[in-house]
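Paired with chain B in one complex and with chain C in the other, chain A is shared by the two complexes that follow.
What follows is the complex of A and B.
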């Protein structure tokens, strides 16, 4: 609470009209610009086709809202299947990455084995390798391993960007847990595994949630690997499916496209809205370290 | 066995196995494989033979590849500068005493968390040559008399994709810089105000120096991910019109996956690495944390 007061600082010295022009107005403009595409997605996905292509009517409002686009999307395309694929891949990849990251972060931060520092640095460097450099050789590997066009290709490759990030984040969290707790447990005869599962993990729950939801949204949003490694429609994820399957020739079904974009954004938006604080903590934590 | 389980080095190794195997197999190995492929004439379904620098020589003489390099640099520089300026401004605004602060912060981050491929589709519709709402508004205002061909003209397309990238990137920069701003003690501003510093001087002499370390990190990430951007371009223009928006990543994809020329695509992807290293080194040495900022002496 004291902090809240502090951030007000000397703002009270600025007169109201001045605040309106220098603060409220710019914030409003930012908000309108940042949110307009979402408003536009919603409006378009409920608009009947005649209204979509009319240049005369006011485009910002819907005269006769319709669910036709959603109906088409859910019953005439493989959209539900893409949703399920994305969910499955994101959840499995997230849990796999978290498990590997917890062990790695604990080893680097607490076991301090020989070379732990260098390993930590290598993990950070791995975090800086962008997927657009890796996707071609990975495609060659995926092909040779016989994983092409399967969900395994995605489940196994997503950890390449999830593990470095999650490990880095968890290292920061583990560092903040007092070492004394661990020493007490060691004296009482606990094994390292017991210490990790009974002491460290319960204390690191906020860190696990941060890393988990961040990993989930990253996997949900992933595009280039899913585009490269998947070919058949029934294996596609939502972002790739919407972009590649809903566009047929030159006829754009804008309503269905927007409905697809909207529905595909909802799961991440829901997860995000429940855990905003954790998400922001994860994002800023990863940058600050 | 008992002794082994108590040895830190042995246990550390065991704990590192899952992450280590995953990263070595799917990150380190492909990185090396990519460099190797760049020196071969590999095609899809055929292991290539060593051709030395032939791919790179070919790309140097290829006008499309050179254009892609120009586009990538233009896209990265313009979008990064805009993202930085707007992001910093938004962070400063959000750091003021505002109603519904937490809610505002949550809403501002939305463009960043939504899948880029999906928000890019919304932009595609916003940029439509016939039904763009932006053109509709501008015609009603009387500013233009014909609908703008956002993605059909080379320079229009370049600015349009930059705008979409900035829209997506500003929230990330604003929120991370906001976290940095919140760590600056208000007493510093009070002291500066008592000494008669104007708000501009306070920003220039207090805020900016204290924010430099976090700016360096955030902008490194931003430059890195803008330079290697793929999905926004793929969705909006697929590199067109006339390759005017092809980035190195999209060109590498086009040559390697639909085109089947794995070697050439890899060479293009590897060609991005020196630029990325330069960006990282620049931010590390140019903007890194100065010692005096933490009470030490400048080394």
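What follows is the complex of A and C.
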């Protein structure tokens, strides 16, 4: 009897049928829901046009896979250029935003200046203004500054939503770093700048990485600003380029569209897979001594 | 090395005063302990000496120099924090050498000084480890090593032992005291544990509610407490307090404790008029079981081996007595306790009647 009680807890997972019902089945359902769009994208990008349009063919399978869509995408459109633009814009915007956010978050969280709380709140409110409204005044500014149809238009406007987001994420992370460490460093003779670079930032690496990944993903997928501030094909980013150049009137080049989406999601997937552990640690916070 | 002088130091957080004018003189090479219940302002005072809190009023001098507006790093102090505050991303050696590195000392000198400190503290084999790989006691030593390496004028300790288990605490207590005897650096140590204060200090500063209650050597405070607070705070088990009234007793005076129990009034300089209300303080170890004593009823007997602690009801008050002899009293048994040494206090303001 006693033994039975001791081995309670996660015991219900032990027998196989139970495990199937309680663990594997829900996970499977979840995976199908999440991965089906991805599967659809992959299948479509390798399907020849005849199969895509055919009413008889099995929509979930390919009989004669082809690379024709990829060929079209890579050699008949400016896709490689879009890819490069997106990469450049996302990386530069992310780094600019992180640099600004680190300073903002540290100042708000640790310098305790008058009005720090209000500043933090104001930054958060800025995040709540939707880009679909903000793009109108921003467009006017972009025109005045002569940045229309340049990558700078995107590099400088993306931080408007990246900085508030990253600042809030980093504020939470900085808060989890014990205050005594800074006081100790202060007595050890460190300046504020040295405390930030030698104590806080090394400890905040998981937070920086998760903020960085988030900022990168948001910039990579951004659509409205890229659509409005960019006109010429060679300056476009992947999300805009694919939609504007591969849809001709009412003709959707589904195969090439999906191939573009597939290739476009690869860099993000790679970034995530490298840093997934840091990412989780960053979201859950806490520095362990 | 240096003396530390506090002159009427005050601190207020906003409009809430927390330290009300503290004046203390800590001599060069002295080990001073600030002790008091939590919230008495002792940690705030230490942080003001360190320069981590601004000073609202008064002056703090280190080595004769007023440091009110001097940055922490220029005060030539080292501080050991309650939770050690080790940098988690640095090895033990880097933790200990961090201040020297910031001071741009040559690499060889840093290495030598870190090794020297590690040797003193028995940390030589842990120099390449990270704080998370160390036990509580080892982390505590690293925190002290970090202070030693700097060779500062003053060591500040903020409840450094309160995160350790009881056995380790006793061991580290001895180690810190040994270290001080060896280095002879002026030290200021904050604790809420009066045993730590008694065992380690050259000078104890007893604080309560932002004020200094008494300053003195450990045994001075024990033998000659200035008021009820110090009398009750210093000493373990704590002093017994019995309310009473002065009455004439033949030619001399006695204190009636209630229920008609009388004890002879201790000899004091101040005039005692019959009818005056007083508080009689008797340390547990100053009670003797004796036929000449006053009647008491046993509640609980706790033998510890070395001595026996007897809780009993004396004139309606529960008191404890610690005696060397072994007694096997039963609960409810009537015994007689004779106070060998008693103190008188004014029940109004708590001041000692001498």
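Here is the rule we go by: the second predicted complex is superposed on the first by the 242 of 289 C-alpha atoms of A that agree within 3 Å, B and C clash if a C-alpha of one lies under 4 Å from a C-alpha of the other, contacts with A are read in each partner's own complex, and residues count from 1 in each chain.
To be clear about the criterion, contacts are C-beta pairs under 8 Å (C-beta built on N, C-alpha and C of every residue); 3 or more make two chains touch, one makes a residue touch a chain.
Fair warning: this is a prediction, and the values are worked out from it, not measured in the lab.
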Checklist entry - Is A:26 touching the first partner chain B, the second partner chain C, both, or neither of them? => result first
Checklist entry - Who touches more of chain A, chain B or chain C? => result B
Checklist entry - For A:18, is the partner it touches chain B (first), chain C (second), both, or none of the two (neither)? => result neither
Checklist entry - Now for A:184: first (chain B), second (chain C), both, or neither, which partner does it touch? => result second
Next on the checklist: Touch test for A:199: chain B only (first), chain C only (second), both, or neither?
Outcome noted: second
Checklist entry - Which parts of chain A are in contact with chain B and also with chain C? => result 287-288
Checklist entry - Which residues, counting only chain C, touch chain A once they are in their complex? => result 50-52, 72-73, 77-79, 81-89, 98-99, 102-103, 131-132, 146, 150
Checklist entry - Which bits of chain A are touching chain B when the two form their complex? => result 6-12, 19, 23, 26-27, 30-31, 33-35, 37-38, 40-41, 44, 52-53, 55, 59-60, 99-101, 103-104, 106-108, 111-114, 116, 119, 123, 126, 128-141, 143, 156-157, 159-160, 163-164, 167, 191-192, 217, 220-221, 223-224, 227-228, 238-240, 242-243, 254, 257-258, 260-261, 264-265, 268-269, 272-273, 276, 279-280, 283-284, 287-288
Next on the checklist: Quick check on the complex: what are the chain A residues that touch chain C?
Outcome noted: 178, 180-181, 183-190, 194, 199, 202-203, 287-289
Checklist entry - In their shared complex, at which residues does chain B touch chain A? => result 5, 8-9, 11-13, 15-20, 22-23, 26-31, 33-34, 37, 42, 44-45, 89-90, 93-98, 102, 104-111, 113-119, 121-123, 125-126, 128, 130-131, 133, 136, 167, 170-172, 175-176, 179-180, 182, 186, 189-190, 193, 214, 217-218, 221, 224-225, 228-231, 234-235, 249, 252-253, 256-257, 262, 265-266, 269-270, 272-273, 276, 280
